[in-house]
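In what comes next, chain A is part of two complexes: it sits with chain B in the first one and with chain C in the second one.
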Partner chain A sequence: MPETLKLQINFSGGAELLFDKIKKHNIELPSVRKYLPDSKAEKWTIRELLVWIKGNLLKERPELFLQGDSVRPGILVLINDADWELFGELEYELQQNDNIMFISTLHGG
Partner chain B sequence: MDLIELEKEVEELRRLLQKKENELCLLKQNLNIVSPVLDQNGSHSDTGVTGTETKGTLPKWAIERYSRQILVPEIGVKGQEKLMRGRVLIVGAGGLGCPAGVYLAGAGVGELGLVDYDAVDITNIHRQFLHGEKMQNISKADSAARSLRSINSRIKITAHNIQLSASNALEIASRYDVILDCSDNVPTRYLLNDVSVLTKIPLISGSALKMEGQLTIYGYREVDDKKKEPYTGPCYRCLFPSPPPPEAVGSCSANGVSGPVPGTIGCLQALEAIKLLVGRNRESLLVQRMLIFDGDDMTFRTVKLRSRNDRCAACSDNATLTELIDYEALCSMPANDKELDLHILPPEHRIGATELVQQMNKPGHLLVDVRSENEYQMCCIEGAVNYPIDKLEKMFEELMENISGASRVTFICRRGNDSQVAAKLAMEKIEKNREKIQDVEGGLHAWAKYIDRDFPVY
Partner chain C sequence: MPVLCKTGCGKNAVLKRPKTGDVLCKDCFFWAFETEIHYTIIKGNLFKSGDAVAVAASGGKDSTVLAHVLKTLNERYDYGLNLMLLSIDEGITGYRDDSLETVKRNRDDYEMSLKILSYKDLYGWTMDEIVEQIGRKNNCTFCGVFRRQALDRGAAMLNVKCIATGHNADDIAETVLMNILRGDIARLKRCTAISTGSEGTIPRVKPLKYTYEKEIVMYAHYKKLVYFSTECIFAPNAYRGHARALLKDLEKIRPSCIMDIIYSGETMAVKEDVSLPSQRTCSRCKFVSSQEVCKACVLLEGLNKGLPKLGIGKSSKAKRMLDEYHAKQQMSIDELNKEFQANNCIAKGKTCRSGGCKSNGLISNDCQGNKNKNEHLNEKANEMLTVYLLPDDECIVNGISPTDNDQENFEEIACEGSCGGGSISIAF
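On to the complex of A and B.
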């Protein structure tokens, strides 16, 4: 078992504006116990990933990305190209090489 | 020749042309060649000649006209008949509605309705190609309907020149089989979703901004008489139970859009409408799937969506929604993509464009343009320095240094909203001489109106 967890994080639909306008991020997560020693979490789930993103990738206006411990309304989260609702949303346990996408819905036409 | 005279003459001729076109349309209808409706036996007598070998039910003109798509096995004769009986409502005659309308009119969809409250503006034309330069300031619904009639005079086209709202949406939508959401704002998207749920009419929802587009079908119902509970796809509220915060919502007028991006999505909305009308099944339709188009890296991604939410306020068995509501209140946003005039600064810190000219002539005046670099490069007032609002945080110290050396500081932007935000930030930071900071009410639009008529208004 490798120590770190490699993921690809994608932002689109305007969500990338909060992340230095970069749409694709290849990240490597340390062990969750090391990163969040005070938390009871044993494994990385989306819930902890959001905390990590806030601390490491998010550049501005966190309220336009997060609300409470989840994403704000209007952002769709996809785990390997499928709606996170199909995998337990915040509780989904991240796997090696997962692709997690945060899409802000568009309204223009 | 006198310009006004000529314009008048053109307008007269246009009116005459419209009148003649209407007459022609009526004549054709009376000759019964415009109506695609077949008689009860499904037969027809287009030529009056009996004994012609026509096994199908389509008239000669329809076979000829639509042959290229009838040849496609997924459509065929039966599909074409369904298309000709089909009725599609297109909400928004803009960047999505124009391409969608062109393909649906071309395909011979029996009836098209076009809803738009707005008038054609020169900034629309790069992507809204049913409107020509001559149609500026004319209703978009009328302009689009006119262009579509020139593509296909055999279908019925209705222009609904109104703002769709809770008071009129159900009545209009109930006359159609499919709704295309080609709108440009959040309240209309929630309104159309609820209309779709209440009327059980499927909603093909497209959207586009900058270089990206999204497309999916909401409220799809499988037609299967054998099953007790036919499959129903998710609705917009299953995915997005609450609206996004207004400050997170972009618009084409504020953020821009490349024409072919809504063009692409609008074309695909038409394709999904055609497939839906001819009766393609849910596996082949964008049901419980969303297409995400990125025109910048040229990728199409189709992602899997959740199924209908058991607790959805709109479409579940426990739904609380029984009638349409006030969608502007629900979303805290107006049902258009126009900018609001904000009032952030106290009036004594706001000046008009004329006063700006006077102050610019005095020594030590600093004019700060807070629009994006891109906009600053398009056009700016001579002498203005650029501190884009979304880079202000990084450049704030430098700006404050500049401000401390100036006798008076004026913030300006396109319309006079961001300039207030920036001025307020500077006022909060500065320790003394707060009164030297101000912004221009109406921004560069006011500048163009009152001072420099050559300044581009965008």
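On to the complex of A and C.
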């Protein structure tokens, strides 16, 4: 198993405004034990990914993206283009080359 | 681990519907989504064959999906509608100018005609200019009031039977909550109506009334519809923001709460002995109003007089402003008198010379800059001040008091940003 986990992260629907207006990010995650030594997590799930995003991608107003240990209600999460509610939401275990998309529903209509 | 579509079609599910809890594949979701809107249209009797219908288009997700779905259903079920797009350009640089580009793309994609009306043309002021006068605190009041009337004017110009707006289920539930939080019984009573409009006005219909925001966004995503998503650059409405956050938190725990709030709003009855304002037409612009002079005219009058807070601020402040205004007016009258004596000439030019008047002839075309008119305006301003003074209470967060009902469903069209789902949507 490779050391790092490659993912594509996408932001849209206005969520990208919190990320320097960049919609597409190709990222490589180190081993979760290295990145979060104090956490009990053995593998990367969406929960740990959100911590990583906060520390590495999120540029402004974190309260508009995160609430508690999850995303702010009203931000949709798609795992490989399907609703994360089908895959256990925060508990979903990330796989190599997964595509994770965050779409805000909270912007203009 | 893929989950199979609940319908048994054999494909993998792509989403869980908040409304029903069903897990569906893309195609079954499209079918359910469109068919529900079709039933909403049929059950609510929203359109008649041959109707010309204006889709209030902001370029945002709701109006983009609305235009797409109406076009699809019109063809699929042979509604016989003549659909067109109607957009309002508030004149907000960096916001509306960009979103109008999206609307133009909708026009090309959906092959519908597009009419754009600007605040500048209708009222003589852009929102940028209004904000320069009023600051960033109450600008949403101007924007919301003007937009509603602008849509009516646009619809009248297009000669349509009705205006379809992109209000979704979340917007309506939020508006029910807002009206409860403000004690605004008149709006509470009508805000859940699928079709609104009293005699003599062009009805507004909400085909997406029972459609969840999440599903609208997922539909737009899977259909790859192009929409514009950015916050309005002016101040968001804090009170509405709290209502929205509450609703979203509740939805996370129990998604049906949105439909339940709408149901509560629809079935709630107002006691018979509660007096509600009756609707009439504005004596100045002839559009619908619950007062002698409608809110749009009062706000415009204030702007044109250099008293932008006339329809908004606290009474004490407004009185002081008006006193100062009177003093200034007196000075200009004296000057005019002197000039008159010197030149012995009335109405030499065609333009207004009273100062401070920016009338463009569309609404306040009564200003001609002679001294009698000035006095007349003073009286009018005084009169309006007594009629429109708002209580100095907390509810005026957005310049709307519980007794101020002249703009029907104003809140629903308030601001589209976080200030209100707006709403035409312009979705409005």
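One rule holds for everything that comes next: the second predicted complex is superposed on the first by the 105 of 109 C-alpha atoms of A that agree within 3 Å, B and C clash if a C-alpha of one lies under 4 Å from a C-alpha of the other, contacts with A are read in each partner's own complex, and residues count from 1 in each chain.
We adopt the following convention: a contact is a pair of C-beta atoms (placed from the backbone, for glycine too) under 8 Å apart; a residue touches a chain by one contact, two chains touch by 3 or more.
Predicted model only: the values in this text are computed from it and were never measured.
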Task: Clash or fit (per the criteria above) of chain B with chain C on chain A - done: clash
TODO: Would you sort A:76 into first (chain B), second (chain C), both or neither based on which partner it touches?
DONE: both
Open item on the list: Which partner chains sit in contact with A:34 here, chain B, chain C, both or neither? Use first/second/both/neither.
Closed with: neither
Task: First, second, both or neither for A:63, with chain B first and chain C second - done: first
Task: On chain A, positions contacted by chain B and by chain C - done: 12-14, 17, 72-74, 76, 78, 81-83, 85-86, 103-109
Open item on the list: If we count contacts the way the header does, which residues on chain A are in touch with chain C in the complex?
Closed with: 12-14, 17, 72-74, 76, 78, 81-83, 85-87, 103-109
Open item on the list: Could you list, by residue number, the parts of chain B that touch chain A in their complex?
Closed with: 92, 94-97, 181-186, 189, 206-210, 212-214, 239-245, 247-252, 255, 257, 262, 290, 292, 294, 297, 301-306, 337, 390, 393
Task: Residues of chain C that touch chain A when the two form their complex - done: 1, 3, 12-16, 23, 58, 60-63, 99, 166, 168, 171, 213-214, 216-218, 221, 228-232, 244-245, 248-249, 251-252, 416-418, 421-423, 425, 427
Task: Contacting residues of chain A [partner chain B, same complex] - done: 12-14, 17, 23, 60, 63-64, 72-76, 78, 81-83, 85-86, 101, 103-109
